[in-house]
Each structure stands twice: as C-alpha cells, then as structure tokens.
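Have a look at the structure below before the remarks.
Per-chain numbering from 1; labels A, B and C assigned in written order.
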Amino acid sequence: MRDTALRAADLLAAPILLAVLPFVLPSYDQATEVIVFAIAVLGCNLLLGYTGLLSFGQGIFFGVGAYAAGYAGSQLGLGLPAMLAAGALLGMAAALFVGAFAIRQRGVYFVMLTLAFAQLFYFLAYTYRDVTGGDNGMTDVPRPPIALPGGAALDLGSAPAFYVFCAALFLLAFFGLRRVIDSPFGSTLVAIRENETRAAAVGYSVRGFKLAAFAFSGLLTGLAGALHAPFLGIATLTTIDVTMSQAILIMTLIGGGGTLAGSLAGALFYVVLSSWLSAFWPRWPMLIGFLLVAISLCAPGGLWGWLQNALLSRRQPGEVRDAAG
Amino acid sequence: MPQAEAASRDAPMIETRGLSRRFGDFHAVSDVDLRVAPNQVHSVIGPNGAGKSTLFNLLAGALAPTRGTIAFAGRDVTRLPDAERVHLGMARSFQITSLFAQLTVRENLRLAAQAVMRGRAACFWKPVASLGEAADIADGLLARLGMQRLAGLPAGTLAHGQQRMLEVGMCLAARPRLLLLDEPTSGMGVDDLPMMRELIRDAARDHTVVLIEHNMGIVLTISDRITVMAQGRVLAEGTADQIRGHPDVQRAYLGTGALS
Amino acid sequence: MSLYLLQIFNGVGIGMLYFLIAVGLSIIFGLLRFVNFAHGAFFMVGAYLAYAVSVSLGMGFWSALAAVPALVFVLAVALERVLLRRAYRLSHMAQILLTFGLSMILQELAIVIWGTDGLHMPTPDALGGVVEWGGFIYPKYRLFVMAFTAALAGLLWWLLEGTRLGAVVRAGSEFGDMTALLGHDIPRVFMLVFGLGAALAALAGVLAAPIRGVEPFMGLDGLSIAFVVVVIGGMGSFAGALVGGLLVGVLQSVLSSVWPEMARPVIYLCMALVLLTRPYGLFGRG
C-alpha cells in the first residue's frame, strides 16, 4: 500500500521536480550538474541499496565514461549520441572488469578491492596522459548538436537546452532502472542483499547476478560521466579519482532508497553544499567526514530503511564457508 | 511425481564413497559410505560432534570434501557448487533458521520457486508479476503450510516454529527430487511437532528425504532407514528396529535410554 | 653498481615499510574483526607528526622516531575508547563508513594545519650520505630503514608467537568468548592491539617521510597499498604481510626503472592476479 503510494508520488513528482529544479538553484548549469550526478546515484544505488554491495569504485566508471565520451567527441569527431553510447558502454566494460575480480571476495574484502581498483584506474589515467591529458585533462570536449531526421538539428549549446536534455535522460534512466528493479532479476538482487547464503542455497548463481548488477551500474554511471564531459567541455582526473567515488557514495547514502526524489535529493545536497561551502571554507570535506561518522553511528531510521538495516545487520546465522571460494 | 519404481529401486538417490572432510588436523567426517534409496526417508542421527552437519554441508555442496565422491541420482556432483545442485534437484534447509527475514513469507517462497527457473529468473525487463508460475507455487505452498494469513508478514516476525516450517517450505518450492533437512524441528515446541512430522511425511510421498534429527520420536516413526554417526564415521545403519536394539548405538548415546 | 641491484635494495626497503603498514591492518582485522579504513590516516599522521617534531619543533629525527609512534598509540587508543568501540557490534559496512569518515576528518585536519603542498623532511645528519663498500654504494638512511624494520619485524614475531600476550591475541581472534571466560580482559586487549597497529603505521610514516616526503593524500595511498599487500599475502597472516610487502615493494621499485608508467598500476594488477589464482592470498587461511 505504502509502496504504491510512493510510486504514484514519484511519477507525479518527476516532472514537477525537474521543472522546478533550475529555478531553485542559482543556474541551469548547477541544475544540470545535479541531474548528472543523480544518474550516477542511480547506478550506485543499484549496487548499494538493492544488491547490498558497498563500492568505492563508482568514480572509475564515471571517469571512464567521461574520458570515453570526451575521446569520441574531441578525437574521433563523433556526434553526441555516439559519445554517450561510448561512455555508457565503456563504463559497463570497466564495471565488468572490476566486478569480475572484486566479486570473488565478500564483505570487507570486496570493499577493499573496489578501493584498490579505484586507485589503479586513477594511476592509469594519470600515467597515460597521451590519451587522457593527465593533469590538464582532455580538453575541447564538444557538445555537438544532435542531427534529427528531416535535416534539423537539436542545438544543446545553451544551458537550458542541455538541462532539458539531461533531465530527459535522467527520466529515461530512472524508469529504465525501475523496470530492472521490478523484474525477477531485481528481486534476486534483493534476495542476495538480504541473505546471500540463503540465495545461493536456494539455487541462485550469486556471482552471476552480482556481476550483472555491476554491469548495469557501470552502464548508468558511465552514462553520467559521458554527460559530464560535454557539460564541462573537459574530462579531468577529478572525474576518476577516489574523491569522485567518495562523493557519489555519499550522495547515495544521503539520498537513500529507490525513489526519484531520493536520488535527486542526495545529488542536490552534495552539489549545493560543495559549491556553497567551498566559497568560504575550502576544507568543507571535513564536514562530510563528520556526516559519515554520524550516519554510521546513529543510523537514521525510517526514510532510509534499507540503510538502517544494512548498518545494523549482524552476520547471518547458518553462514557456511563458500565451497566455491 | 510417480517414478518407475522397479527401475529406480536399484539406483540410489545419493551415493557417497569414502566421503571425508577434515579441517586441519580435525577429521570432521571420515570415510563415509552412504546410500540413500529414492523416495525414502533416510535419517542421520548421532551425538553432538558426530559430523552430521558437516556431512550435510558436503551433500548440499556448501563444503567441498577433502576426499571421496558424491553421486546424486547417478551423477557425480562432488565438485559441483551448491547453487548448481539445486538445479539438479537437491534442496536443503538450515539448522539455524536462515530466511530472507525482512521479506514477506510469500516472497521467501516465491524467490525459492523462482530460483530454479533459470532463464526466467534472470529476466530484467519484465515485471516480477509476469513470472506467474513462481507466484502460483508460492501460493500453493502457503496453503499447504497453512500460512495463508501470514503471507504478507516479514518472515523474521514469525514464531520460531512457523519459521522452521517455512524453511522446509522453501525447499519444497524448488520442486526438488531430494530434500536435505537439517534438524527441522530444532527449537520447536512440543505443540508444533506434529505439524512438522506431518509435513515431512507428506513430502516424503513425492520426494526423497534425508533428515538430521535429534528428536527420536520423529526419527523412529517416520524413517525408512537410519544411519548413526559418531566421531565422523558411520557407526551403524538399518531400520528403526535394528537401530533401537543396536548395542554400539546405545553405547554411543551413553546408554541414556534416549532411544526408547 | 647495477641498477637492478640498486632498485631491488630500494624495493626491500620500501617493502619493509609496506609490511609495517599492512601488518597493523592485518592484525587489527584478524583479531578484532574490525575494519579500519582509517589505518592509512595513521600512516599520514605519523609522517606529519614526524615533521612537526623534527622540523617545526626542531627536535630532530631521533626524537620523532621515539615520540611519534607513542603519540599515535595514545591517539588511537583514545579514538578506540571513545568512538570505535561503539562500532564493534555494527555491521562491517557501518565500520567502513565510520572509519572512512574519520580518515577524511584527519586528512582535512592535516591540510588545515599544514596546507595542501607536500612537505620535505630531511634525512637525519647521522644517516646522511652513502655507504661505500667495494663497488657497493647505497644511501645510509635507506640501509638504516631496512635494518631497523627487520629488527622490528623480528620483535613483532617474537611478540606474537613467543609471548603470553601474543598467545592471547591469537586466541582472542579465534575464540573470543572462551578467552574472555578464561579471565583475559578482551576489551583491553583489543584496545592495546588497535593502538599497536596504529603505532606501527605511524612508525612507517616516520621512516617513510624522508624518502617520499609528506603530503595529505599519503593516507589514502598507504591504505590502498596496505589493502593490496593484505590481499596478496592473506589477511591475518604475519608472513603474508611480510612476503606481500616485500613483493610489492620490489616489484614497484624495479619497474620504476624498467617501465615507470606501470610502477604504480602494476601492484594492483598483481593483486588482481593473486585474486584469480589464490583468493585467500598466498598465506591466507580461508
């Protein structure tokens, strides 16, 4: 009952929220930034909220998406749809790569591995500066108009136009993700989150499902990165460093849950906080640190039900060592 | 599922040869040869530390053996992971209740039913409701377990006895050939026991059941065959009457008359 | 002197430092089953405090070497008592978030006090210059680091295997309840072990400071490397931390001459390889 009400609210709230956002914020550009990160939150939430996997590697897929789109646009001269496709698909590929290794471990080791891989990709991006531009970044990322049938072109050069474009993609991503969550596949992810041992005992190939979750997450996060590059006109190391992974994670934790409003809220909170605070206190990440400490110790209930359960859950009884390693 | 009784009478549902598992220097299970005939209730009993649970985990695939082989319906499954064995027709319950506690009773059963529907379980673009078969199986089991009114409650909120019943229910949801039940009555109150006994007896009509149990009342009344374990080895095997009078078995239980 | 030999020596030195960082993490997790994502922060704090003591206060390297691990020990124990103890009963995810938040706070604090630019810490005068022995020329300081950490490793080994405290630590990690029943004060043991682990990381920071400099992001670097070493060597294993640390250190050093771009990434690829072939690490017990 509560669920249906929430879903209806989501559907109605969607166009309203997205229409209002640019007027609540100082500029269309900042609203676009929120939307782009909200898509990344969707990707992170699929892993964290639905599958129960805490990944410190979301920045990898975001950065790969950004660089891929940037490369496709600036070096290969491809159009925007191709840029986005490149970003999303390469993000997915990176996720499959990282996932294939990280999933071999559970719990803490898994988290550790995602962090280690985040470092790997950062160093690779830093090292191969012929491709990525290193510290300077991949500059001149274009925002080419989209060719429409009939000879016309959709010009996304202006901030409002790009905002509308991103908002449309966000809606697409959100409802696409919802469909996945509501499928048998989605219900299995929840089962894995709830009791992985039981899920395996009942016959699910847990590894396969986790890997698929990674793939979806990479796809979404890569798409977000691919939007970020033409948004700024540049793809830099900050899109792929650990700070980005942290930021996405924090947005997801704050926003929580599977609601549209939640993913927007988390991104909104972080973007606004960082831009507002950084104006007069460059060390504002310290507050984020305190926030994390507070969240983990106090586990706010209610709104973020799944988070609370995740934070307070004890190790499952009847857990047997995994014979398959 | 009626099977050709004559043809299957010779082919054991489970056959282990020299099955062993050690942890460092500790030999939890040593050299166990077990044959479970199809459509029978085969109980495994023994004092604590006899290796029953380890044997179970070996059969289910949650643990890999250090020596020996396991064959399921004539097929070697020794190296097969637990999730795969489910698809061959093996389902297990846990001694310490392990359900999807936050999910509803119905969803627990539905998930268990869905798991064996390989391709359809992985479908990510159709809504869950489209997988009606799993939902139907869940509803059928709810009726069979008498839990229809509990269907929408989180599984973790059920009374202990009901949770134990649900554990068995989840096994049945996979429509297996073999049920591995690990102390299904563990912690159940005396009033709930008859319900469980009837459930197992009912299940035994269409399935092979391997049971670990401490409750002798249940073991002696529903088992077709009993294997007694002690210190990781098979001590004795036979029918209920044979086991009841077996001197080694009585000694293993310290002659407390626990078998009477 | 052969370049390879030089780099191998460098690698052993660095590797021993990696061992120091990793062994603390390994013990803390092996015993406390507590995930400490702030472990790298202790490494960083050690380096910064070393700078503060030896340069800012002008008390020199040796004072720093003695004082800083003790200071960090106290800090870690205080943190454990006040903050982290509440997290033991929480899920691993909560512990990760908590300690990660803590590491962010410490990192930002370091930037507030010392700024974002790297600091240079000079090698102590007594250890300046090189050792010449036939054709063998090598910096004195790096030799000192190798000798010192080797002695420390020996001491740690003796502590874990040869003493009653070590036995309690090892027993506590496997049979927490039983050990408590036997009368050992488990919370106190945990607290001391946590402090020890942090102190070791800080000590590594002190020793590393003259070699790699001091900057605020070295905490994350230390943490990631500790993870890699622990995955390769196996969690909870002293030998694993040692072998893993040396392997990573040598690999990194040799590659920095042969194939510099891959010096950093290769250790992570090595970790991936170990994951594929031996998921519990070289010395890990499942």
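Quick note on the criterion: a contact is a pair of C-beta atoms (placed from the backbone, for glycine too) under 8 Å apart; a residue touches a chain by one contact, two chains touch by 3 or more.
Treat the numbers as computed from the prediction; the structure is a model and nothing was measured.
Without chain A, the rest of the assembly breaks into the touching groups B | C. Taking the mean Cα position of each chain as its centre, B sits at the greatest distance from chain C. The most central chain, judged by C-alpha centres against the centre of all protein C-alpha atoms, is A. Distance from the chain A centre to the chain C centre is 32 Å, each centre being the mean of its Cα atoms. Annotation: 42 Å between the Cα-based centres of chain A and chain B. With each centre defined as the average position of its C-alpha atoms, the distance from chain B to chain C rounds to 47 Å. Of all residues in chain A, those touching 2 or more other chains are 321, listed in ascending order. Chain A contributes residues 179-180, 182-188, 190-191, 194-195, 197-206, 208-209, 212, 216, 309, 316-324 to its touches with chain B in the complex. Chain B contributes residues 57, 60-64, 81-84, 86-87, 91-92, 94-103, 107, 110-112, 114-116, 120-128, 131, 134, 170, 174 to its touches with chain A in the complex.
Chain contact summary for the complex, chain C toward chain A: residues 29, 35, 83, 86-87, 89-98, 100-105, 107-109, 111-112, 220-221, 223-224, 227-228, 230-231, 235, 261-262, 264-265, 268-269, 271-272, 275-276, 279-280, 286.
Listed in rising order, the residues of chain A touching chain C in the complex are 54, 101, 104-105, 107-109, 111-113, 115-117, 119-120, 123-124, 127-128, 242, 246, 253, 283, 285-286, 288-293, 295-297, 299, 310-314, 321, 325.
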